[in-house]
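First subunit A sits with subunit B, and in the next complex the same chain sits with subunit C.
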Partner chain A sequence: MLAVIEFDVGLDLFPMLAATLAAVVCGLLGNFLLLQRQALMGDAIGHSVLPGLVIAFLLAGTRSPLAMFVGAAVAGMATVLLVELVKRFGRVEPGAAMGVVFSVMFALGVLLIEQAAARQVDLDADCVLYGQLETLVWFGAPENLDGLLRWSTLTAVPRQVLVLASMLLAAGIFTILLFKELRLSAFDPGFATSQGFAARGLGLALMVLVAAATVASFEAVGSILVIAMLVCPAATARLLTDRLASQILVSVAVAVATGVVGYLAATAVPAFFGRDSVNAAGSMTLVAGGLVALAIVASPNHGVVTQVLRRRRLAARVATDDLLAALHRAAEQGLDRLACERLTKMLPKRSISGAVDRAIRSGLVERKRGVVRLTATGRIAAAAIVDRHRSWERYLVEEAGFAPDHVHDPAERLEHLSGTTPDR
Partner chain B sequence: MGPEMSAHVLASGDVPTLAEVLDTLLLRAGFNTGLVVVGTTLLGLAAGVVGVFVTLRKRALVTDALAHATLPGIAIAFLIAGGLGLAGRTLPLLLAGAAVSAILGVVCIGLILRHSRLREDAAIGIVLSVFFGAGVVALSWIQANAATGSAGLATFIYGQAATIRPSDLVVLAGLAIVAVLAAILFLKEFALVCFDESFARVLGWRVGAIDLAMTTLVVLVVVAGLQAVGVILVVSMLIVPAVAARFWTDRFGTMTIVAGMVGAVSGYLGSVLSALLPRQPAGAVIVLAAGAVLLASLLFAPSRGVLARAWRRLSLDLRIAGDHLLEVAHERGVGALPAAQIDRIAREHAWSVRVRRMLPLSLRRRGLAEGGGGGGLSITAAGRDRGARVARNHVLWAEYLVRHADVAPNHVDWSVDQVEHVLSEEIVRELEAALAERGGAPVESTS
Partner chain C sequence: MSPILHRTPADLVNLGERPEHSPESPLSVHAMTVAYHRKPVLWDVDYDAPPNRLVAIVGPNGAGKSTLIKACLDLLPRASGQVEFWGEAYRRVRTRVGYVPQRESVDWDFPVSALDVVCMGRYRRLGWCRPVTRAHREAALRCLGQVGLREVADRQISRLSGGQQQRVFLARALAQEAELYLMDEPFAGVDAATERAIVEVLRRMKSDGRTVIAVHHDLQTVPEYFDDVILLNMRVVAAGPVGEVFTRENLQKTYGGRLTPLAEAAEAVARAAFEGR
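Moving on to the complex of A and B:
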């Protein structure tokens, strides 16, 4: 597989750099959107700034980042205003208000682009979606590493990469300087405001940064990647960690990995099958989605696998506890051993044989010719469980006001909380 | 851009003649154009009706994700069709693929919500972008590697109404009929599930089945709209008419009818416009037509519209300001107020500049005052009467609040000024009677 990875400095360096920078900028800012439940803001901004970009482009006649940004900012403000009006006056849910406004704005953008294309201007609807990574090809790139490590390399860096790099710098400084404020207003905006942190202003600044990142990324990587990167890396990190600082670091790492792996895979995977390369922005989106799926399934703390294992382990312990308790109760009535068939009548059939096997392995019970009895250690453990059960029953009746004939089932559940007994 | 390029633009912008406009509007501009216009009108009708359920069920953005998620299905269906040796652009197969991957996308959203701690916005964003990205990868794979016939696939992204064929028209008509019938037959069920899901459950209705029916309708409309409007914009054919209709009515049935009409009209106008003007992508024009209706509704709807509300607000402000003025005149026992004095009252009560400027006109129109000299006002008999009544209400409230509502006396004036203009005559009579009964309130004689 590795053999098919070809990295040509001239062809690949700047496109990959641009894509990765865009992924990291969006991934970084996405953390705060995710926590404020505004993950779709990227979607909304990505769609709705389009008419602003096109109008700015038509008026200014260039792709100067400043003109584009002003256009996008105006379109963004118009969007916010319209969403607010539709939401308040139309009494529809925020999602619908957002959806109608950004999709109509996008339609306007598409229409304007078609008009611009009629003027033979180099801007089309597809490049909005996919970007134009291929325009970043470096003609006359040096062949080897020595050639790269020269000052002249800096002058060859395309404008898009420079814009994205300064955007990353701005987003990084914003995050580091205002980390405390951002964290507070992400988790509890009301409290942040009451402490004088101006959560609203901070939210606005965040939106401006997101819009700027969107505009900076548009030209190179297109809106698909922007929308994906504003959600996916942050979501992946959120599933892996519980602390905001580590979430941000993990999301940045995820974004870097997404950019590099996605870019290389766009060429390498088809090449493995002997085909031509596929769209790099799309491929990065797929990698980002794959990482989210992986985190959902295999995250050490919150993953599906962990949850299933944890539940299994708990079920196994409960089944063993129940087995020991059943044997103990039988012993109290003078039966110091029980046939397996009788056990299956007393306990849920599904769990019983596994529970017996496990208990034998831990030396708690022994089995001879289909008859099960407690060992010495087993008797102590079983007595502790039944004791726990009975003290919970007593607690429920005496302290919690349960009726005496209603306490067995709740106590049955509480007895498995190992190490906790009600204070006597 | 040089000047010669702009000249070129002007030359190429063909302005259609009146006859051409009429022909297109009346479906006489050739078979194909007529087909497209009828098709998008039917599609707009179906989408508008179904969109009401989407919007009220708060599924607008889920539907956006659903629409984006159709793209990989289309591409993969194309590859499968190629593998089976069918012609690549077998429309039913492509649309079936679109439906399957749309449903898969919705299922993924559900799975993410159930099995992880990510919230709905993140789940929608992930599914929308990753599915769309997968579609883009598959499309670029096809364009780079597959055989002929792949050229049309990319039109599914932005849509191309001109590709509607007679056989598609049958499908679109059938779809419109199904959507309208479903809306008529299940209006009660859909409405209840949209507004109060748990109540529907308590009544023993199978909410899951009703939901499934609604989702099926949504998927059908989305898939049918892909060709004309495209993956990205099809969601707005569903939700824009519904939101526009929401401005005009509070009733579910009416809203459904209005949304269906808005959808049909925008489908019709959009395709007519895009047929008449060069280089207008039909999908975007249809959405913009619906957007124009939405904007008009936002501004001009009779009770919800921005203008209507601003007008109501202004008239309330004017009525309150006028009452203050008349009350002051009554209390001072003067029949005329010079401009300077009105200005002072305006400052005391913090009237806006607009209210101050419009107040004389408003009072004159209501027959409460007449223009005095130098911008002043002279109060008419009706105005004196009204001023007396306001003053009396003021005293009544003040007394009532102090005696019976445990309001500290030094707070009274503030609350009085808030409420006195809200009183109806009926309440005033009730109050008067109640106070008189409890030992008599100092009711001022009014005339």
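Moving on to the complex of A and C:
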């Protein structure tokens, strides 16, 4: 597999650098968007830059990068403000406000492009969505990586990469300097504002930065990757950590990995099947989504696997406890052993055979010819369980005012979940 | 005319003019009206908080209890009226005023530890762009200790019980080291042990010379926990010492005559408590 990864400095270095930088900038800022439940904002801005680009083109009459950048930036800011206005005066939830603004803006962009196309000008909505990484090819690049360590390399760096690098610097400084304030205003906006850290102002500053990052990124990688990167690395990191600082660090690492792996996979995976390379932004977006899915399944704390295992373990313990308690109660009535068929009538059928096997393995019960009885250690354990259950029942009747014939099930739950006796 | 504290009948005649607020009163509200989407929620509220007392704000749902607190703290725009703290505007005295929002107002899945939240009470002292220093972190730890949560300092807040979360908010308020506290339902949804712990903290605050104004839902415990009460239902029905204004008539006026049997029992308890004093 490694053999198919071909890294050509001239062909791949700058596109990969641009894609990774864009991923990191967006991934970094995405942490705060996610925590403020505004992850859709990237979506909104990513789509709304289109009319900005077309209008800038129609006004300036050229496709010069500066005109495009200004047009996109103005459109980005306009989106942020429009969403605020629709939210406040339209009295709708933020998601709806963003949906209204970005769909209308995008439609406006499409109509304007059609008009421009009628006038024989070359504008393409696809470029906005998928980006133009291929324009970053470095002609006359050195053959190998050693040749990069020269001053002349710096002059060859394309404008998009420089813009993205300075954007990353700005986003990094913003995050580090205002970490405490951003965390506070995302967690508790009311308290933040009461303490003089205006949550609305901080939110707006964040949005301006997101708009700038989106504009800086989309030219190279397209708005689909921007949207994915604003959400996916932060969402992945959120599942793997429970502190904001570590979440941010993990999200940056995830973004770097997404950029590098996604870019290389765009060439390597199709080559493995003998096909041409695919759009790098698309492949990176797939990698980003794959990492989110992986985190959902396998995260050590919040993952589906962990949750299933935890539930199974609890169910197994409950089933064993129930078995011991049933045997203990039977013994109290003079039956020191019980047939397995009898047990299946007393306890939920599904769990009984597994519970008997487990209890035999831990030496709590013994089974001879289909008849089960408690061992010496089993008797002690069973007595403790029944004792605990009865003290919960007593507690519920005496302290919590439950009816005596309604306490068995609640007591059962309390006993298994708390594992202790009630303290009075 | 409802009794309004610290105001002589002569002042009441002049309600149209702005009264002289005493600099001793930690909170003076004058002719404050607050509206949501042009529908008024609070009408012409006048109130002067006496210093060093525990004050309950009670009233039915939708009476504007939270709104009163938020409007005082400039978190909601006021349609009219003035609010002063020790005779000054809020923005000049932020460090002296502590705020405990409703527990449900924040996302308890947020990736922070209990100690991180308590440290937020020190941010105002730290100022913009300064990280939390060790001294501030230790102060926050002491505050967590005062509410009995030192052992869970490093635990993520989603892994705390509701009562513990409420106590974390209280510890954050303690970390502010303010002189006046405005609390929005500090007793909401807590177990008996937490309720006792919170009352303990409130009493300690009072004995340190602080003032607490708290939205409270449980009429039965008003006389036991609080010195003063504000009966609110879109306007101040009555305000003053519990013994004087926490009466059947005033409660009925506040709750629109639909006083529940439970509340009546509470009132009976209240009267018994005062006759016992």
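Just so we're on the same page, the second predicted complex is superposed on the first by the 370 of 424 C-alpha atoms of A that agree within 3 Å, B and C clash if a C-alpha of one lies under 4 Å from a C-alpha of the other, contacts with A are read in each partner's own complex, and residues count from 1 in each chain.
Simple rule for what comes next: a residue touches a chain if its C-beta (ideal position, glycine included) is under 8 Å from a C-beta of that chain, and two chains touch if they have at least 3 such contacts.
Everything quoted here is computed from the prediction, not taken from an experiment.
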First (subunit B), second (subunit C), both or neither touched by A:238: both
Touched partner set for A:191, first subunit B, second subunit C, both or neither: second
First, second, both or neither for A:66, with subunit B first and subunit C second: neither
First (subunit B), second (subunit C), both or neither touched by A:91: both
First (subunit B), second (subunit C), both or neither touched by A:40: first
Subunit C versus subunit B, contacts on subunit A by residue: B
Subunit B versus subunit C as contact partner of A:183, first or second or both or neither: second
Intersection of subunit A interface sets (partners subunit B, subunit C): 91, 238
Residues of subunit C touching subunit A in the complex: 37, 70, 73-75, 91, 94, 97, 99, 101, 105-107, 110-113, 116-117, 120, 123-124, 126, 128-132, 156, 158, 172
List of subunit A residues in touch with subunit C within their complex: 35, 91, 177-181, 183-184, 186-188, 190-191, 193-197, 238, 241-244, 247
Complex contact set, residues of subunit A against subunit B: 34, 37-40, 42-43, 47, 61, 82, 85-86, 89-93, 95-100, 103-104, 106-108, 110-111, 114-115, 117-121, 125-126, 129-130, 224-225, 227-228, 230-232, 234-235, 238-239, 266, 270, 275-279, 281-286, 288-289, 292, 295-296, 302, 304, 307
Subunit B - residues contacting subunit A, complex: 1, 5-6, 8-9, 12, 55, 58, 60-61, 63-64, 112, 115-119, 121-122, 124-126, 128-130, 132-137, 139-141, 144-145, 154, 157-158, 232-233, 235-236, 239-240, 242-243, 246-247, 278-281, 283-285, 287-288, 290-291, 294, 297-298, 304-306, 309
